[in-house]
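Below is one structure, written out as structure tokens, with a few remarks after it.
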Amino acid sequence: MSLLVVQILNGLQLGVLLFLIAAGLTLVFGVMNFINLAHGVQYMLGAYLAVMFYTLTGSSLLALVFALLAALAFGLFLEFVVFRHLYERDHLDQVIATFGIILFLNQAVKYVWGAAPLSLPIPELFSGSIVLLPGLTYPIWRLVIIASGLAVALLLYILVSRTRLGMLVRAGANNAPMVSALGVDIRRLFMIVFGFGTMLAGFAGIMIAPILSVEPGMGDTILILAFVVIVIGGIGSIRGAFIAALLIGLADTLGRSFSVDILRLVMAPSPARTVGPAIASMLIYLMMALVLYFRPTGLFPPKGR
Amino acid sequence: MTAPVLRLEGLNKNFGGLAVTRNLNFEVAAGELHAVIGPNGAGKTTLINQISGLVAPDSGRILFAGRDVTALSVPERAALGLARSFQITSILPGFSVIENVALAVQARVGSSFRFFGHAAAEAALNAPALAALDEVGLSKRADALAGQLSHGEKRALELAIALAMQPKLLLLDEPMAGAGRDESRRLIAVLSRLKGRFPILLVEHDMTAVFALADRISVLLYGQILTSGTPDAVRADPQVVAAYLGEEME
Amino acid sequence: MSRLPIAIFLGFALLPMAAAFGAETYLLDLFMRVMIFAIAALGLDLLVGFGALVSFGHAAFIGIGAYAVAILASHGINEAWISLPVALVAATAFAYLTGTICLRTRGVYFIMITLAFGQMAFFLASSLAPYGGDDGLTMHARSTLFGLSPFKHERLFYYIVLACLVGCYCLCRALVVSRFGRVFRGARENATRMATLGFDIYRYQLAAYAISGALGGLAGFLLANATDFVSPAYMSWQRSGELIIMIILGGLGTLHGAIIGTLVYSLLGEWLSGLTENWKMIFGPLLVLVVLLARSGLLGLAAQVAAWWRKQHAEPQA
């Protein structure tokens, strides 16, 4: 029972992480029609920068702040130098160009920090575990991740639906040329949206760094998961990304933990141990296939596109 | 009396809160050229899109050649003999003029799941295609790239494509749109020749064309048919005059 | 066949003789792999270049074909007339099944979904513990053909691969100009118009997707025999990305462009990786530049140069 609760919490944590990455991805695609494969390296960069600043300052808090700012700066730099020339291009060009950026940055990170995985200690305040239920302890830091992810989700919701900036973002997502014709500096709007998305990804990387090993290419796998999230959620929909992210986080975690046990109900232990992990690894993609079969544009498709 | 080739029963379509087609009943008789006119925003293009299958009505039935086609897809309706032109010409710009038409023949004639053989060289497809191009006066441009045709020539090409389908009903969505005086005259001449061969539903703004070609005219206003009748009757109808009061008639 | 493809195939055919003067095994191996990936690239060009279906999961078909061979081999089944059909059927079936879902979507959704399905195949292979999992599976014997081992002789194997490449090229050429091909290409130009003519585009695209999967499966069969090894990395999304780059590099929608692109990409990679360990840092920006500047690939550039040359020599002296 307590294993189930732990895995549910783990699933929520993965889900929240996926949301942070997917939100930026779906925002950028929704507003600028730009598919950014290099979003995963932003996440990776956040983690590396956190390690670097922690080594320099010795303070987790300073590392967080500096890493976030540095990730933002680097993201804006990339936007200025490469990405803004791609907004008008077709998606194939964007895919190829951002793929090139991934190759470059994955190698650059290896060049600067070496190929060996790095680690970051959990901030002292949040290290250790707390007792949630009798017999059930859970790492505090993971709870912090869940809480901060939910907080960001709330912040995004308020920003997008209650502020003027959010209104511009929603309008831009619907009809960027029109918004521009109304006198809004669309370039600045795009930059703000992109910067925000970049920060979200960097933030995710910073938060996960103490738990995962920081290594080149760590952004790639999670990027594709984020794609699955936004495809299921509906490209351009933050609400869809939130729901889909939690769904996928839970399904993937619970699937991997309990697939063998569930299968043992219907087959012998030995084949269950082979088939179980195989099905667990395919589970979220099968989910994606199922959703897309009935809703080719996701659960919350963009309107008027 | 022969059954109508097209019958719309109680068609309804809403976009958001706007009722674009309202409880619409309409018929196209066999062999006639039936024009639909109406002010901008009356719902003419949505009507054509519902008939051809690009837009699904919220309720109502569409009967074509005796069959209920309301649930059928666009290709299925086309295979039954429903051809259409588009207000903004829709052709294959990267293909040659004759290939554009030959594809229409290919769709009608038989299996396209043939993986070998040079389709562009098949006489069985090219000959009817050339004949259709002849009808619209484009046979000299058969080998030109369709994307390089003039606006009027592209319109004519769309007509040839529709012809090659040997349609049971031809839907024309504002063929005169954007056409100059000469082009309009040529198009009217072509359409007069085609009249009678198969029923045509002509949605149009250009009144010269409408009164030159139509056997019957229906007036569409706010998603409903105001009245239907012969050109003279419609021209004299006080309701129609009132509806068009202040409207520019070309 | 026009002159350029013939020249390419002739070049491949003559290579072993030229290689006899130098590092024969290395060159034969390198160019054989180029040809194998070119077969897969042909299938991808069919989809991307002629159908505007940007499939980002193409490497999965190669991997599935390769794994079919290796898995059968691990159970003692080495006969090519069993493992080749199995490889082809497996890859085609995967293509067909995922295609039924992918092709319901358009544009960016399609790219992302093909990417995701490719990942699915990758993770499935990684989780197959009895067949090596993450580490991959070694093949202890290459495929046999009625008791003979043609794939053990480097030169014979090389020419078999060349024959497959030429065959696939001719197949794709025929496909493109056939009735089927015309409908498929028409769907790229104007899907709405094709529908109003009576063509159910979905069926044609699904067939093309399955065919391109089969070509990938063939490449996988040959690759497994060439490397005596299969691993999930064969299906990674980076591999899928590389395939797309290869066909753009050569020139989309030309078929022999796919072969040229594969050749140039592979040779460039070989050369750069010999220069520095960090060659991907050069390769990455290079790709970005290619995309931004030379969108129609090397063939497009060559055509532009040729046109400029002709203009220079046609104009009367000023």
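Each chain carries a letter (A, B and C) given by its place in the written order, and its residues are counted from 1.
In this section, contacts are C-beta pairs under 8 Å (C-beta built on N, C-alpha and C of every residue); 3 or more make two chains touch, one makes a residue touch a chain.
Bear in mind that the values here come from a model prediction, so they are computed numbers and not experimental data.
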{"item": "Centrality ranking, top chain (CA atoms only)", "value": "C"}
{"item": "Far-end chain from subunit B, centres as C-alpha averages", "value": "A"}
{"item": "Interchain centroid distance [CA atoms averaged], subunit B/subunit C, Å", "value": "44"}
{"item": "Centre-of-Cα separation between subunit C and subunit A, whole angstrom", "value": "31"}
{"item": "Centre-to-centre distance between subunit B and subunit A (centres being mean Cα positions), rounded to whole Å", "value": "49"}
{"item": "Partner subunit C, residues of subunit A touching it in the complex", "value": "29, 35, 82, 85-86, 91-93, 95-97, 99-108, 110-111, 220-221, 224, 227-228, 230-231, 235, 274, 277-278, 280-282, 285-286, 288-289, 292-293, 296-298"}
{"item": "Touching residues on subunit C, where the partner in the complex is subunit A", "value": "48, 54, 56, 98, 101, 104-109, 111-113, 115-117, 119-120, 123-124, 126-130, 237-238, 241, 244-245, 248, 278, 280-281, 283-288, 290-292, 295"}
{"item": "Contact set on subunit B toward subunit C in their complex", "value": "52, 54, 73-76, 78-79, 83-84, 86, 90-95, 99, 103-104, 106-108, 111-120, 122, 161, 165"}
{"item": "Of subunit C, residues touching subunit B in the complex", "value": "174-175, 177-183, 185-186, 189-190, 192-201, 204, 207"}
